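Next come the structures, one after another.
Each of the next two complexes has chain A plus one other chain: chain B in the first, chain C in the second.
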Partner chain A sequence: MSTQVHANLTEEQVKQISEGLDEPEWLLETRLDALDALEGLEMPDVIRTPGRNWTNLYDLDFAGFVDPLNAAEEKDQVGPEEVEVMSIAEALDEREELVREGFGSVVDPEENYLTALSTALFSTGTVVYVPEGVDAEDVTVRTRMNSQSLFNYTLVVTEKSSSVTILERQTTGDEVDGERYYSGLVEIDAGENSNVQYGSLQNVDEETYTYTLKRGHADSHATINWIEGNVGSRLTKSSVETHLQGEGSESQIVGAFFGHNDQHFDVAARVWHEAEHTTADLVTRGVLDDDARSVYEGVQDVGSDAWDTSSYQRENTLMLSDESEADASPKLIINNHDTEASHSATVGQVDQQDLFYMTSRGVSPRMARNMLVEGFFVPVLEEIAVEEFRDDLSDLVAERLRE
Partner chain B sequence: MSSDQDHLRETDSEARFEFKKEESSAFRAEKGDLDEETIRLISEDKDEPEWMLERRLRALRQFHAMPMPTDWPGQPDLSEVDIGQIVPYIRPDIDTRGGVDDWTDLPEEIQDTFDKLGIPEAEKNALSGVGAQYESEIVYQNMQERWEEKGVVFCDMDKAVQEHEELVKEHFMTNCVPASDNKFAALHGAIWSGGSFVYVPEDVTVEMPIQAYFRMNSEGMGQFEHTLIIAEENSEVHYIEGCSAPQYSEFNLHSGGVEVFVGENAHVQYSTVQNWSKNTYNLNTKRAICEREGTMEWISGSMGSKATMLYPSTILKGRGATDNHITIAFAGEGQNIDTGAKVYHNAPDTKSTIESKSISKDGGRTNYRGLVHISDGAENSSTSVECDALMFDNESTSDTMPYMEIEESKVDVAHEATVGKIGDEDVFYLQSRGLDDDDAKQMIVAGFIEPITEELPIEYAVELNRLIELEMEGSLG
Partner chain C sequence: MARLELRNLHAQVAEGGEKILDGVDLEVRSGEIHALMGPNGSGKSTTAKVIAGHPAYEVTDGEVLVHLDEEEFEDIEIPEDMRTVNLLDLEPNERAALGVFLGFQYPAEIEGVTMVNFLRTALNAKLEEREELFEDDEGEEAEADADDEDAGYDTSPMEGDVEEGDVGVAEFQEIMAEKMDQLDMDTEFAQRYLNAGFSGGEKKQNEVLQAAILEPSIAVLDEIDSGLDIDRLQDVSNGINALRDEQGAGILQITHYQRILDYVEPDHVHVMLDGKIAKSGGAELAHQLEDEGYDWVREEAYETA
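Here is the complex of A and B:
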């Protein structure tokens, strides 16, 4: 299997993008290498059972989506004074070493076809640098996509004993003809004893295909907490991942999605326990209406050196229509016996008894259903420490329920 | 532990499974003879009707056309499985057409083999009927008269092809397990031999289990028995299958096929305790189709083999049909047991439960691989999957890979899995009551697998416990 998108792409285009950002030679080389590698790379893994790919990325018309030289976006990237929030161009100018060390250190640019495509073509990005001991809240990155395709790159580096809260949002602005493609790679390098909260809320229009890979490395006693909200898009392939590399490191991945019409969400939450005394907690809740479809994969991989691991995962899907479809695969891969691990997944519909109870108290059936859906998201919302983010997500849910 | 019990363990368990016999055979297809000519020879040797030969030949073509399963996440390594190295068919040196129905008519070496396995005793004590397969053929089959009078049929598959041709023609690898299902189902379809045929007429309840025991004795052979169970409306039957093979240096291949047809409101329980030798690749296809209000129960203990790939599956075809799976896998050194369960909910009001337990130690690897599929329209269906893994040490691996495909909203689906090591506190507690470390752990394991053993007739429960004791002996601490 292979896709044809690279046939349209040229070194010239990549060089032009690189020049636009006034990039150093090494980054251009990395881009060109990624472009070269496209030919031999496969699409990212999707859940497969023999004979069936649950999300078929090979069918997508990447050649039609990708318009590398006309990327356009509006972007806000702000944060408090103590922390450096830079556009990728600024970061290359002011902190080249940091970018050079961080870029590609967590996500291999040539990991798969889409990461390589992103690396070759990204034109916008954000670097967040949190110096030692600094506590920073409210770093906000808003990206409004105004073009056919947009490739976005984010690097977060936290030094020892620092902490940061980052909220990212993706939306679409100016309309374009036909379908479009958004790709985002996020790398987090969390230093010793640092604490990163990274929330992301995707609400692009339903003509847009999105691919996002967010991955963090957690050093000793570091914490990386992810919040991943997916509401928009035609099709989303998203993976949120933490490698717990240092002793005592922790990660929580909280996911929420709400699909309607013919939306397709392929969401994954993955954690690798690679050191002793690490803890992970994966919570995902999704609601599907109309013809929407979800594929969830959760991975808890406990390495052979990961003594005294605690790892929990739960995923619940609520189906509101007969036409919707939900697939789930919570995987446990255990190579160390000194482990407490569990996972669970459920799929079900709105509880008829609850519905009956509420309608018998005079609530209309529609209203009752909406209240129950909002209630269904509460356990996930409760895990979101940042109020603004929690409100945004619950507003989006409420808005969709009103439709 | 008392010396009596020690004695029992040694003489009974070890001697039971590890002895081997000099080979002696009447007809032996040579290694690598997996071609049309061999298939024709086997079919001719069995005096089969033309349609069966045709099915075999078609399956052979499908086998050659299909790729090996290689791309499942975490599946056992099958690179060593070279079909060219398999002896596909061995007819033991006894006239097996129809088998013998008196144990003492069997050649002494075969009698002796099954005596050691305890089959005749079990037959006398607890079973409605028993069949015994040695190499590729059923050598003994007996059914208590009182069941025969009610029209229950229990015979070997070859005989069924002759005597119950219409039933077999209709059900044999047609709807349930077609040869096109997977590469090893195709292989099985081409060179199947032996196995059991069970037919239970309407409204008949067979109160005692029927048992078949499969024994591989020859080095480098493949065993491909086929089991076909047809339970008509309102009937009930419990079928038990046991398997073993001694240890050889070359690999053996077991690729059986099991098809179960559960009629309306019928109830079939299929129990198996398999303990293949640790050089055997156990690549089976087992499936049941369950009509309205029917119940299928799979009880499986997977102990032996080098690698197992086996996911008994049930298609809940009629409204209100039920499926229960209880499985236990035990992987020791060098073993990879990839097993689980599949359920297709294709009708409304269907229910399934899967309870899967695994134990891994000394570098063994267990996978739970499961699929629950709920089709659009299968409303008010419910399923619950529970996996528990117990690990003894850090060399072992345990993965759970459940898949859930839900196309219907009015359903109730739940999956849960836990993994843990043997509880130090529990061991301590038992030790403080005077048990030594090994016995304490054994007791915990026995408790862990109790949901399985309590579903089995006592002989099998005892056998399963003994096998686990044998696996655990001396390697704890």
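Here is the complex of A and C:
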């Protein structure tokens, strides 16, 4: 199925965005190529079970909520002195070569319809550059979306033996009429023996559709650890991915989502083992209440050259109502026999024995349920090394339970 | 003195399932230890679960009454007409608030909820629920407000902030440490997740600890002695004796074996067969059952019938 939802997007609009950022010619060309490609590109893959597409992106009214020339946001992007944390415009001005090398090197701009749309229209973004040997914590990127649509781009480059912790948050600010769209592409190029921890907490309002694709390339002995928290949004389509390209590289993907009302979460965690002695650990937990739905895909792909691979994946979804729905598809693809791997997924309701046990001690059913839900997220929270992020996520969970 | 009274209690597996209890009559007063014995499948555990309000069972006849002792309720005045309560009209958490505790044979393992937070929450919830249960009509509005509050909570129980009138974190930790010491439990247990990864013996000890902290008037302990080594059996027994001797609780000790009764001496022993009490007696009855089994009781029961 090809997509014809954007007949109203024009080269003029793309040129205008590019001019606004005072961009070099190569980037404008990349944008225009992506715009041209839109017509022939498919939507990103979604899980299909017999008779059903769990997430129907083709029916979304992109023409209605994509407003290319009126992007508005508030952004904080701060970090310690030894790290360069730049807006995309600053980065193009001061570190054009870095952006040119990095842009599109991890996520192909024309990978699918939504990456191409993002590439053609992005108007905001952050570039984080960590020089060799630098250890940096507390790079913070806060994006508050104030317009109908917002296209965000993030590039992280870490040089040899450096280390960085990045926390990103997305929220919505000024109200707008109708539905909204947030799109974010994140590329991480982790140099040899560097360490990146990238945490993202999405809590936009429930009139907003979100598409995010976060992908990293890990060089030899590099580590990329992702934390992905999704609480807001009407429909979340999120994929977090690592290519373990260098010997001894590692990745952990920790995910948490909590849906209520008619929220829909389509989340994926994917890792490709492409070199020897690589390790991956994927842990995702989600809770659904009311009519909320989730679909999870986890992929551990062990390549033929990936000797001595260790790869683990666990996904658990807890449903708080009879109307909520969940599907999970953990996949293990092994092309090298020297592999230690496991994968599992469960979907279940609150355990009635657990509830009875707690209420028999005097705790009200509602409080018992809330304690069980908070406890359910603990194994995920325990994997989060950054205290601030852990606190923010558990606060959002507690807030949701109070509603 | 509080009193738990089972009158002609009939129950079946919920939604029309198998009939299990066939007219149980039993009375336990605070300060007394009763042993409820009987072969597997006779209805002992079902009796315990029905008392506590387990949703898997449906009561088809009879009553489970609690006659309350006002002295145990400290600041709360219990209206005259509410001093006898039919537990079957109440939710499990309300039954707990009235001082009825169920010690489980197989306690749930609850990941992510620490012992200390759970028990502090339970203790505070019990105190609040008691107040709500005995508010007079004028208090209905306040009760409605309290129900609203119950729709969530102002602070996460994981963080453990304190509301007015609640037992605070520091105070509770002291209470818990003292009770753990009495039971010879490692204080590290306080920070562990509720029963998660506990050995069978640790779980049983934990049940007794919870009873010690929640201070019930009546504790129904369902086969809390099974699977314990001798040291743990003594610890658990000491805990049960303390519940009676120090807190004045009435104990309904459900057991399959005489062994625990060497340490927890019962005032009364009841034999359950086919969903009813077939015979009652003193501590010597337990010894006789150990020696001779249940067949003679069954024969006696048939003859009487």
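Basically, the second predicted complex is superposed on the first by the 397 of 403 C-alpha atoms of A that agree within 3 Å, B and C clash if a C-alpha of one lies under 4 Å from a C-alpha of the other, contacts with A are read in each partner's own complex, and residues count from 1 in each chain.
The working rule: a contact is a pair of C-beta atoms (placed from the backbone, for glycine too) under 8 Å apart; a residue touches a chain by one contact, two chains touch by 3 or more.
On a predicted model such as this, the values are computed, not experimentally measured, just so you know.
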Open item on the list: Contact-wise, after the overlay, does A:342 reach chain B, chain C, both or neither (first, second, both, neither)?
Closed with: first
TODO: Tell me which partner A:330 touches in the superposition: chain B (first), chain C (second), both or neither.
DONE: first
Open item on the list: Which partner chains sit in contact with A:364 here, chain B, chain C, both or neither? Use first/second/both/neither.
Closed with: second
- [ ] Please indicate which partner A:304 is in contact with in the superposed arrangement: first for chain B, second for chain C, both, or neither.
- [x] first
Open item on the list: So in the complex, the part of chain A that touches chain C is made up of which residues?
Closed with: 351-354, 356-368, 370-372, 374-379, 394-395, 398, 401-403
TODO: Within their complex, state which residues of chain A touch chain B.
DONE: 47-50, 288, 304, 317, 319-349
Open item on the list: Under the definition above, what is the set of chain B residues touching chain A in their complex?
Closed with: 69, 71-74, 182, 371, 376, 379, 389, 391-421
- [ ] Could you pull out which chain C residues touch chain A in their complex?
- [x] 52-55, 91-93, 95-97, 101-102, 104, 107-108, 110-113, 117-119, 121-123, 125-126, 129, 150-159, 193, 210, 214
